[in-house]
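Only one structure is covered here, and it is reproduced in the block below.
Letters A, B, C and D mark the chains in the order given here, with residues in each chain numbered from 1 onward.
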Amino acid sequence: MKIDKEILKKIYLTAFKIRKVEEEIADRYKEQEMRCPVHLSIGQELVPAVYSMFVTENDYAVSTHRAHAHYLSKGGSINKMIAEIYGKETGCSKGLGGSMHLIDEEVGFMGSTAIVGGTIPVGTGLGLSIKIKQENKISTVFLGDGSTEEGVFYESLNFAAVKDLPVLYICENNMYSVYSNLEVRQPKNRKIYKLAESIGIKSSHANGYDVEDCYMKLEEAINYVKENKKPFFIELDTYRYREHCGPNYDNHIGYREEQEYKKHLEKDPLNIMKEYLSDESLDIEEKKILEKIDDAFTFAKESQIPKYENIEKYIYKEKN
Amino acid sequence: MRELTFSKAINEALETAMRIDDSVIKYGLGVTDPLGVFNTTLDLEEKFGKDRVFDMPTSENAMTGVAVGASIGGLKPVMTHQRLDFFLLAMDQLVNNAAKWNFMFGGNSSVPITIRLIIGRGWGQGPTHAQSLQAWFAHIPGLKVVMPTTPQDAKGLLLESIFDPNPVIFLEHRWLHNMVGDVPEDDDFRVAIGKCEILKSGNDVTIVSMSYMSIEAIHAAEKLTENGISCEIIDLKTVSPVDWETIYESVEKTKRIIVLDTSSEFASIASDIVAKVSTKFFNVLKSAPQIIALPDVHSPTSYHLSGNYYKDAKDIVVEIANMFDKNIDVSDFMTKEHHDIPGDWFKGPF
Amino acid sequence: MRELTFSKAINEALETAMRIDDSVIKYGLGVTDPLGVFNTTLDLEEKFGKDRVFDMPTSENAMTGVAVGASIGGLKPVMTHQRLDFFLLAMDQLVNNAAKWNFMFGGNSSVPITIRLIIGRGWGQGPTHAQSLQAWFAHIPGLKVVMPTTPQDAKGLLLESIFDPNPVIFLEHRWLHNMVGDVPEDDDFRVAIGKCEILKSGNDVTIVSMSYMSIEAIHAAEKLTENGISCEIIDLKTVSPVDWETIYESVEKTKRIIVLDTSSEFASIASDIVAKVSTKFFNVLKSAPQIIALPDVHSPTSYHLSGNYYKDAKDIVVEIANMFDKNIDVSDFMTKEHHDIPGDWFKGPF
Amino acid sequence: MKIDKEILKKIYLTAFKIRKVEEEIADRYKEQEMRCPVHLSIGQELVPAVYSMFVTENDYAVSTHRAHAHYLSKGGSINKMIAEIYGKETGCSKGLGGSMHLIDEEVGFMGSTAIVGGTIPVGTGLGLSIKIKQENKISTVFLGDGSTEEGVFYESLNFAAVKDLPVLYICENNMYSVYSNLEVRQPKNRKIYKLAESIGIKSSHANGYDVEDCYMKLEEAINYVKENKKPFFIELDTYRYREHCGPNYDNHIGYREEQEYKKHLEKDPLNIMKEYLSDESLDIEEKKILEKIDDAFTFAKESQIPKYENIEKYIYKEKN
């Protein structure tokens, strides 16, 4: 393993945090108090966990409907996220957005939205602002394989290439868009990262279940954007364990093979990292994380509900 | 007659259309998946094959243009989008091509496509999964815009939409999918586009309504009847072109009107109906016309906010009672455990 | 005060905004070309550099999303599209992102962008180069929609739009670009968004109007005055949010209203204003409210068809005369050689 | 020259017809009776002229704002086109569409529209109908270099590739979108046809000023679509002599060099073909064409104007 153990430990713990938050949401979803759609990232934690090693709160990131992991990896507050899913006043979007619309500008998480492809140009525009303001940061766009079918993906990459914008596109390819396999949506044998390259953006590919590969390639990608102030596109293969939206497993409904799921589970990066680290001190850290998560749910449940009278004030921002 | 859910009625309409006409094709995200777009597309792929029934890339704009092209090539495409909000990506192809095609080519070529859009509500659908944009579509000349309320109309209007030579936007309110109602046995049963229906006759006030709001109107009318106010409920069914005659006749009789809309109010279908009636029946109306629509605010996600945001039978009762200077107690009328679901069948998340 | 054309007033507003605030950027197709978007963007690139003023790929949707991103990154982007119709490609980014951003994130982040759209008319612009979709934009909560009529307002409102913390749709009617009017000397002169203006006071009828139709209203009002009808003309200036107070006060005084709109009528701004006034001033109005808008038909290209399609001062005079049961002869009122150009300066093709 | 003289003669005469129609429009535009925007194809005639050799009225084609040449090359009626530009009842779109909205379904010209990129998915959808109806024809989409920046271009090609649709995309690259050079819109050194290839469509490139190259490559492209029932993308370099929209020259206004124009004019394919053919019988044929053009203008001018009362009937097609 080319990764230093201390670093690996951090990666592991970030991935662990993400998974446990998600699992807790899944477990408590049946209580019917989180009354909004949730798209969980269980199975997809490694990429954001590794990503978190290379960026700071100063950098920007935007994401999609499946944003919990990205929000957390960027340093977003667990309390505010859980409160948001509970629709509380203390939520990161004051209850107006729910799971699909997260924001935490304090840590550079500039927003996630639920329209497929919708934030790709937004993250690109953040890159434009960095360039024009000559700031020392990068903008990251998290996107799924499905979103690369939207014209706006293509238009955004074209513009980033024309203008040399400091944007990192991280495409998590989990093979599915809802229940649709890649092959009914994109030409066979076409690699997304190759396509990005031919649009005009340097690109690479990594195995999102292999922590070493993931680490090296993401480091390379991020350094490229930082040093050259040019866009980069990286595609990482990954897999979601649960249903597209909601807390359950859905291997039985017929759009994918149970076998496929099991194959991925066997290579689960969290298990592999934990085994490799075989570090007893991890237990203490894990416990701390679990407590924080528990606290977040308590915080969310006990938080005040938002007042309807206030919602009109969010329609327009007031001039100051 | 037999009882069917709204979803099943749509599924039947699709099945019938595809069976009686080889040129009908059906595509959209989720059309072939195990859930079959809230059960509306189940079994179609099996019955009619992969050529005519297929999933698609997430490319809403091009796939709308593809429908335009396929239709001028002789097919009758029926598209679906799981939420109206997603279809905002396709406004160019819808408006600049589909809606203008027959006109801009002097009637030489028309675009017989049907686009099913689902209006979301409840369980925290929030700002990007609950828009109700019928006013947009109706504002564009050349589109027909249909909003069925009952399973019967869902089937009859969908069949009529598919075989209409023009582009039709077919709007399904998510809260109607599991509602049950009588549907004629007749396999190829049609309901005319451009005609509204008097769901209930009455003498004192005309309620013009559409889609899910007509259900709330029915409940409200019962309560109002108990209180001596007789409502005539007109279910619009088609919001463009509007069946003005039926509305005008009713207003002529009742001399009062309230219009219910599932969308936000400003520049809505409801405001247009009130405007037309006010212009034409200025000397007839006995009290100010009214509108119940959503506020000019996006749909908030939180359960704790959506209750006040959406309007229901209570609001209608109160507003109509006001027109007659009455006070009707609605404090325990139609109260349900959770305001954000249409019934127990709806378990979220979509 | 000095006289400027509407175009020059816009050019000045852009120049001022960019000079006083480094975060203002300007882009769009044609922004740096020799014609400078009907002269409105001339010299900006030279003055402020290629980083802040640039042409773009023909990618309307992404470039709108880029504006959203740039704005949350601290810039104030001002985009232009040579025709509103082209902007239909960007409805997703406009509505699902720009309009909802501040709301869906609970007020944590807003989108200070300005989008200039030009409404085409004349010289055979036809179905794809002449749409007037202010009703669409105004129907969406979270957008501000501005439609200046005079050069003074063009400058003052554009400056205000650029510095407003919300997304503003700024609609320029092509027939106004060469109109001349007084503009204050003050460099950074502002006109408030959300306020309409009484262009002419009067007692008998309120004409609510917008953009180019206000010019027609002024001519009509003169003719009507000659005939003993005193009109109050309210130029809306902002169509969302509407300045209801000013309209209501005027109606309270005149007790009659007619609304003029540059768009097709169904579900328009005009119908909403009539609906609101009818609802609130039911007992005040002395005659039926009226609307003059375009028919619910696309704009035909042929010179031989566009004359009847568009409405002008004559139509206004006739309609208002009707309200008073009068007959005013308009047979040789305001007749020009060619109906399809605003004046001799317009030589086509756009 | 690998092209048979008889064939070359036909190509020349088609190109001649297109040019003379366009020049006549330009000459008479100042009379202010053609009151609609016109985008002339003078300089770009070769590609459509060659194209016309390989398709029949049975095949489909769609085009853009700059469609006169495509309409004519597909066999569209000159009379109806000129009448349309004059806004007459006898126009191909009954005066409702004007120059930017042409149609002649009798010859398979299915429509041209003025929204950049707007017909790319339409022509793709025609390909879908051919496939589903198992017809023996192809669909052609004419498009400009600028339109390849629209997301809908990308989405359409992706779909054509996924579904193997019999669509030929003919991209006439005239280097400009209005006054904007390619380089402010697309990454430097990126070839449009290479991009199409990487989206998943077989593609090629030809010199649109070289009749031989044009002929060979278009023949190959069309045969490929016919035989394989799969999409093909061909990019052809070409040049417009006049302004983007309208009848005039615009080399003086500053967005391009007069020199560039002159360089192209020297290689003008019509002059080259005519010289190479040096066939006196051409004069007679040319005269016939000129007469037809003249007749078309007379026809247009003398045609009835449309009645306003009728326009509402075009809003909806009636059920039959």
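Annotations
Assume a contact is a pair of C-beta atoms (placed from the backbone, for glycine too) under 8 Å apart; a residue touches a chain by one contact, two chains touch by 3 or more.
Remember, it's a predicted structure, so these values are computed and weren't measured experimentally.
Think of each touching pair as a link: the shortest run of links from subunit B to subunit D has 1 of them. Subunit D has its Cα centroid 36 Å from the Cα centroid of subunit C.
Subunit A and subunit D have Cα centroids separated by 46 Å.
If you average the CA atoms of subunit A and of subunit C, the two centres end up 41 Å from each other. Multi-chain contact residues, meaning those touching two or more other chains, occur in subunit C at positions 56-57, 59, 61-62, 85, 88-89, 92, 96, 103-104, 126-128, 141-142, 296-298, 300-301. Residues of subunit D in contact with at least two other chains: 91, 93, 95-97, 101, 113, 115, 149-152, 155, 158, 162, 184-186, 311, 315. Chain contacts in this assembly form a complete graph, since each chain touches every other chain. Interface residues of subunit D facing subunit B in the complex, by the touch rule stated above, are 60, 62, 91-97, 101, 103, 105, 110-111, 113, 115, 118-133, 139, 151-152, 155-156, 158-159, 162, 311, 313-320. Of all residues in subunit D, only 32, 35-38, 87-88, 91, 93, 95-101, 113-117, 146-147, 149-152, 177-180, 184-186, 245-246, 253-255, 305-306, 308, 311-312, 315 touch subunit C in the complex they form.
Of all the residues in subunit B, the ones that touch subunit A in their complex are 29-30, 33-35, 54-62, 85-86, 88-89, 123-129, 295-298, 300-305, 307-309, 340, 348-350.
On the subunit B side of its complex with subunit D, the touching residues are 23, 25, 51-52, 56-57, 59, 61-75, 77, 92-93, 96-97, 101-110, 141-142, 144, 163-166. Contact residues of subunit C toward subunit B in the complex are 61, 85, 88-89, 91-92, 95-96, 99-100, 103-104, 126-128, 131, 133, 135-136, 138-139, 141-142, 240, 263-272, 274-276, 278-280, 282-283, 285, 287-291, 296-298, 300-301.
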